[in-house]
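Note that the chains are named A, B, C and D in the order they appear, and that numbering of residues resets to 1 at the start of each chain.
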């Protein structure tokens, strides 16, 4: 299942160390003038080597478009694209051919498929998410033309969490630092923590929050295409994601209805709610308030420490920590969360048009 | 989008106070002898009026099968079924025709569809989940024939949380009390809390945990059909659900890779992992360990207190708390979580067969 | 695969002699006032016993709507409906339980599913098409509100074929006779032929032509959702259909490009083509000209003559011709062709809306 | 809609004169050793310039695989591939930018999408079918490993038709001549006819017949996924196809049930039918007999004669016949019919596995 979406659809292909990764975007509206630089800029936000707190692997991550764009504008036909793998010659993976690294997908891919490309994680590598960033960047541009703005940022790393209220977060500062937390002081602490973790040869998880501004009412397709279910599904397909919550989420589950209910009011600017514990979605349909949700990333499985494991034949082996790794994947995952959110919202925007008979 | 699944598919229809709700199950394997009593028993676990801590509405929730079963066994053709609505004559909803109840779907349905059945929430009512329970009960039976067992229970209500380790939970005791928490002492405390909340005319949320035993390796379809993404999607389509986490989830996101990684070992019983922070899924594919995940339910929006709101014309109105409601939906939601989990697992079991060329 | 369509979707269930047949229509636009009498009228056009040249089986074919319609208008939520089987008590089918009737689906269903409802053909019975007629009648009403008119008629039975040019066919006369051929003289000949065939205890096939007037340009989704491919697929799912051709079809394949090409011209009424060998579709997209296509029905397999066959154990048996049958299914198939065409066109109309960003 | 299939899925992209065309095959079973030369050989059967009776355009049509194959075997992950367009620099198409060629897709694409790549037909060019041949060649290899053999050949061109019985056709001779008709004498006549047509600057249509040997019973998914409906849909998505019939098809529609019914018999080799008017499919499911069907191709719209037409602004223009064209597309379409048939059969083979619980 390598196709995502209903009307605006991405089909993804490619292994970490194959010839190339790439994708096909089907169902993109026609006649839209694309900003190709913006697409590359989003890829650069995900790219290895962008700062000293992420992996130092070298990948240029240059996207080449093959179809679906003519004279700078979309034609409504499929947009095919590839990103070549600079790193595809990789003798240094042969020692992992038969080994099942802890909490990686080596074992499960072998169980399911029998035959796999083990180099750099193959298809299970997070390298695949670069494809999503391309499609998501296009979706973001289309949404932006309707004033729908998607902004994700690092909300927590390890035990460090930015706890200020939603409305006090300055989303314009997300890219003002290398960890992508829009609070200067917290960003410093997070960077320090990641450096510490790296020195330990370890990894650390965290939470990314995504906010969507100016989403119109009516997006979402009950009962199995509820908007937050589609968003949750999208986020949970991102490598290392283990949790999703919308609005007040798990914390709200501890409280009472009288405290959680969002009271409607009719303001000059239109119908609004006094609070937004619903996170902008009620009954699976957007209600015009800001959408916000949290995405939990586990610490990445690759660490620079020796670990026990087994090989293909069941023998006990030692997996050595070596190579280049991300001590914390959160900063690079911000554009991926953006991308998946943008694809869902554009897809549901287009689905909602199909009902307007 | 009222169809769920890829191979084993449920299409659901019906409003809370229409003639009937019902569904069509497509893709059910043929020749399987169904236990119809077990299906009704699962419906009874979801039924209103089953205990004094749930809504006292009267609904018999009797399922009638119309097709797809012949001489007691499935034929592989669609299984159509209906559940009549006993409550369909409902003058007492006319006062809500023009009113948008706080944190309900009244407003969003009106925005999306323009015209809606307002009685009892119409299509957005959780009554629709009875249909899922029927399909889920069938899926549970098929899975059980392969020894795959699904068990959900109430893990927390409000601030009360059952914190004992997974392996110490006695899943055979889930139905030993009316709140469906398999710990006698905690169940008592939870029941007390729900009674207190009801006296306050309020509602309270909580968390249901689901465990899947004996799931074979290989279920899950990367990259967009990862098993936990399918489970998360399924859970987030249930009314009042606002969060999902698998394995160590949000808590794991705070920790380090060296603590989170699950070390493989080759035991006499086969390949296993020393810990199970992954929750039985790695790279989106089941690894043979127990699958477990948490589902966060917000407190239900209907409370027995007066609340401010607006009507269809934007006028401020008072929504009166009256009628019969669930102070806490968790006990009745346990079979719904079971049902959605069962549908996902059976669907992915069948999908995985399609690859075995 | 009992769901049809992309946006406007029908899920169908039911066996010929089960409790009921029925369906769920998902994705119907909301706020549309339905004419329920027209739906029943379309069912009556398909109903057994409507004239002396069709089967004399008794079925009232009364549709009951269970959901999705409120105060006479669609709500955008699924429209569930059932049609009870009056004929479900059927001792007289026990002799066919183990027998494979020639050119029926008995053998293939047994091979695929192992266990089947043999009574009256079970799921493979054309009775299932009544469900399609309900959904198609709704689609026809929606299309008619946009001036898109679908008209099918019997073009040939056996060797008798109405050969007058498209523009000379008076579509208002389709229902002026029991055989549904809009030419008085040809209709008489066809009725005589069917009567003759019935006296012989035999059956006879034929061709239905469908015409679509006022279809806007732009419907069709290249490359795998070409409009005529969707129409062809739809028609080929109807029982007894063995062929489909659009525009000049098989005859056009014998001729030359210089004769087949449709020359564009700019008339006062808009862009048009001098001829319409394309049948209103070019490159898989409607071009605004009338759409027309032919559907070939084989003679139905049930005949009133003794035939040799085998039973489940491979023994040779004699299948006796007895009971009530259709000597020619064409007159009753006209509303089915209408229905499938209407579902496709409405679905593609809505899909096309989804692109209009 | 540029994705085809349910389990074995092809997503196609690319314009005739863009950078490249290509595709992604999702759901291919893993561990299968691919014969890459055979894939290229199938492409060569479709390639321009292969003989003097087809277009003399130059395209090398070399496929490059980017993913999904490791050490020569499929990995079960998506197989991405591209075919570069040698012809992409094309000044000579500027005269067609604003012109709507008769019976081409220029006008309909413009109506639907507003903005299009006009060069060489852009997305509507039959060049896109090269992508299908790659995926179909892979499907053919998988099917062949189960002894399922697909063979298409040219049955008629213009008024010339090979009328010998099915069992007398020597399928091994399909590629013994350049027109791909497995009868030496008829092939000569066809070649002469095509040469004549070319001299006239005209084009001519025809019919391809496809036969499938050794198809197991049980393939097909009633009621909307009937095997012949899926095949019909597949064929009708091929450029220039206007008709499809299975078994006795349109001719059978003229005859009687007593002549059409296929009588079952139990032979030493297993259950069989005395005739095969059903074309190997009954009730939408394969019955183990040979599957055969006909596909009607109109004469291609490009002819070397001047034609009247209009331009984008509605002005009358003259379209000049110039360049390189196929006077008859049938010989090159044979591998395309093979490819689509193979994709359908493999897909339904895998779907059928999913039911075997």
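The rule is simple: a contact is a pair of C-beta atoms (placed from the backbone, for glycine too) under 8 Å apart; a residue touches a chain by one contact, two chains touch by 3 or more.
What you see is a predicted model; the values in this text were computed from it and never measured.
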Q. Quick one: which chains contact chain A and chain C both?
A. B, D
Q | Far-end chain from chain B, centres as C-alpha averages | A | D
**Q.** Pair of chains joined by more contacts [C-beta pairs], B-C or A-B
**A.** A-B
Q) For chain B and chain D, what's the span in angstrom between their mean Cα positions? A) 46
Q. Between chain A and chain B, what is the separation of their C-alpha centroids in Å?
A. 26
Q. Taking each chain's centre as the mean position of its Cα atoms, how many Å separate chain B from chain C?
A. 39
Q: Would you give the residues of chain D that are in contact with at least 2 other chains, written as numbers and ranges?
A: 1-3, 12, 30, 76-77, 112-113, 123, 222, 355
Q: Work through the pairs of chains, note which ones touch, and then classify the graph as line, ring, star, complete or other.
A: complete
Q: Over in the complex, which chain B residues touch chain A? Could you list them?
A: 1-4, 12, 100, 102-105, 107-109, 111-113, 123-124, 128, 156, 158-159, 197, 200, 202-207, 217-218, 220-226, 228-230, 232-234, 236-237, 242-250, 252-266, 271, 273, 277-279, 281-288, 294, 296-303, 305, 307-310, 314-316, 352, 355
Q.
Which stretch or stretches of chain D touch chain B in the complex?
A. 7, 27, 29-30, 32, 76-77, 142, 222, 350-351, 353-357
Q: Would you mind writing out the residues of chain C in touch with chain B in their complex?
A: 1-3, 9, 11-15, 18-24, 26, 30-31, 64-68, 70-71, 73-80, 82, 112-117, 122-123
